[in-house]
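Below are two complexes that have chain A in common, paired first with chain B and then with chain C.
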Partner chain A sequence: MDGENSLSVIKLKNILLVTVPDDPGDDIIHELQTKVLHAIEKYQSKGLILDISSVNILDSFFARTISETTQMVALMGGKTVIAGMQPSVAITATELGLHLGKAISTLDVDRALDIFTDNFKLV
Partner chain B sequence: MANQEAGENPIKSEGDIVTCRKLIRNAAVAAGFGMTDVTRIVTAVSELARNVYVHSGSDGVMRWEILHQPGQIGIHLEFEDYGKGIPDVDQAMEVGFTTAGTMGMGLSGVKRLMDDINIKSEVGVGTTITVEKWGRAK
Partner chain C sequence: MNHSHSNSKYISNFNSWAEQKRFVNFTDEDAALLQKLHPFAVDYADVFVEKLYEHLQKFPDTKRFLGDEKMLMRLKLAQKAYFMDLTSGDYGEGYFKSRIKVGIAHQRIGLPPRIYMSTYCYYMQLMIPQIYSNPTFDVETANGIFSALHKIINLDQELAISAYIHATDEVISRQTEEILEMSTPVIQIWEGVVAAPIIGMLDSGRTQQFMERLLETIVQTNSPVALIDITGVPQIDTATAQHLIDTINAVKLLGSQVIITGVRPVIAQTLVHLGIDLSGIITRPTMALGLKVALDKLSIKVVDVSKE
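Right after this comes the complex of A and B.
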């Protein structure tokens, strides 16, 4: 049932692709924020795709980190797209009353990339 | 481990939050809950276990049991700690109320995700929160 339990950060041209494991502990969620901000600074990335397609639990702590990270990325001049939220996670997050800040959501990473190429013209 | 219908797990460290989630995910899936209900239940576990770890100032424990009724399956969960307690439970249940500068969405959210929530708390003694969720048996 458990997937690879670590964060993956990949630089793709101008943007950063970050993949979150299925059941991220608080340590991984903290790491998400610091790793993303460092990588954006290092590579001068213009955007972030947060791939949460494996994630099967999103509570208020994780949601807060996502929304904060999105805000910080925006302050650094970047855009965030959240890709692949599972339907059951989306339903639960809505019922819990969570919102993920101003980030755009897409069905999957391919569509997130399309947004960066077609809408933002960043890739 | 498989088909276990009741158990408990301590809540003493940050890592125990993930352990509680995994335990209850396995139990809820094995009991036959649907995917969305499993996610609701595990999310409630995450909120309540984290509250024990973050707010109580003490150790705690999660206890769980799978329930059976004709045509229905249920899960009963109890989170007990021996910490500082909640002075005003109604206020703690309000959306956005927090004493920790976090979102204040945990207790109000859990109430929506589960069928039943019961909070017993005494200042200086501790807090016990029980929740229940029911689904159609497969």
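Right after this comes the complex of A and C.
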């Protein structure tokens, strides 16, 4: 019965949008990477938006996966944007020294979309 | 006799007071000697209180704490009760608690410890003749009573002064907390721009609090730019710089960008000498210039209409 609890990758024009669930387990995080990369290949998307606004805890595995996925997406010609990180998550990540690599952050999904539509200079 | 637990926060407890009693060598014998004085103290109480307050009223410094007639009456009654307590022979927990209560009350009305202490001196001046001119006491007994009285007064003073200090410490720590909060306000100064002036040194405890407030405000106001103004930071060291960099990284993770403003010449010199690399961060000498950069980033143009 897989698919019941799994992630949905939404295609918006030439961008992919993934909403990461509340407390993503390692398998979900792994699934995220595979699904995203296949979707990029399929739709030839130029970017990925990861909405993590409901994520309360960011562990090192998740951080590394985001960082690696960003690199993989870049290899396939896309840009990754992390949207809506919570303040408490940002503080913990800083304290633990977690890095998201080349991923860009934005305050919310709206601003993430702005990045792809070039309405927004702040990159 | 037994008071409530209202003073439970007091640092000293009844057990440590027992230790203090041993330290000043206050024994059961002393308690018994004081009790011998008790009947005379009861007889003398009214005269004593009148004389004491007569003395206190002579000085403007102490007079202002005595209040109106009604207040004076209350004080005299309390003083009389204390005077009799001193020789009651019972120096248990009830006694202990009421001493602390008195110390806190005195601190609250702002009575200087100087006056509190000196009043005891006058108290002894009144009491010594009462002990030595009393025909019932031989010299040895009188000496014993004098010594016991001296000890119990010393114990009382220690309790009251410690309570004073404790109460003052509480005020200080509360104020320190308030200052800490006030010294790092985070304010929205434009739609999409928050500003946080830092006053004073940025230590790790403060950084934590500052970071939380800055991040919360950025998310609440949905601001892509945050100005951190360090004009009020007297000097910067590697630790402060690291705290600043941590804050900048956390802000970056949210999807907002920090502009450091108020970089004075001395700060710029120190940063370079310490080898702290802020090259990836936009820095400006004044907040005004920082705001300009922020508005530019948000594609906002401010025009002087008089020049159009």
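Just so we're on the same page, the second predicted complex is superposed on the first by the 112 of 123 C-alpha atoms of A that agree within 3 Å, B and C clash if a C-alpha of one lies under 4 Å from a C-alpha of the other, contacts with A are read in each partner's own complex, and residues count from 1 in each chain.
Basically, contacts are C-beta pairs under 8 Å (C-beta built on N, C-alpha and C of every residue); 3 or more make two chains touch, one makes a residue touch a chain.
Because the structure is predicted, anything quoted here is derived from the model rather than measured.
Annotation: superposed three-chain arrangement on chain A; chain B versus chain C shows no clash, the two fitting side by side. In the superposition on chain A, contact of A:A83 is made with chain C only, not with chain B.
Seen from the Cα centre of chain A, chain B and chain C lie 50° apart once the structures are superposed, a value rounded to the nearest 10. Of the two partner chains placed by the overlay, only chain B lies in contact with A:R64; chain C stays clear of it. When both complexes are overlaid on chain A, the residue A:I91 reaches chain B and chain C alike.
When both complexes are overlaid on chain A, the residue A:N56 reaches chain B alone and has no touch with chain C. Contacts of A:I15 after superposition on the shared chain: neither chain B nor chain C is touched. Of the two partner chains placed around the shared chain by superposition, neither chain B nor chain C is touched by A:L32. By the touch criterion stated above, A:D23 is placed in contact with chain B alone, chain C being left untouched. Look at A:D108: by the touch rule set out above, it reaches chain C but stays clear of chain B.
Note on the superposed arrangement: chain B and chain C approach each other to a least C-alpha distance of 8 Å.
The contact surfaces that chain B and chain C form on chain A in the two complexes overlap at residues 86-87, 89, 91, 95. Only residues 1-2, 23, 25-27, 56-61, 63-64, 86-89, 91-92, 95-98 of chain A touch chain B when the two sit together in their complex.
Across the interface of their complex, chain A is touched by residues 208, 211-212, 215-216, 218-219, 222-225, 246-247, 249-257, 296-299 of chain C. In the complex of the two chains, the chain A residues touching chain C come out as 82-87, 89-91, 93-95, 100, 104-108, 111-112, 120-122. On the side of chain B, the complex with chain A involves touching residues 14-15, 17-18, 21-22, 25-26, 35-36, 38-40, 42-43, 46-47, 50, 95, 102-103, 105-106, 108-109, 112-113.
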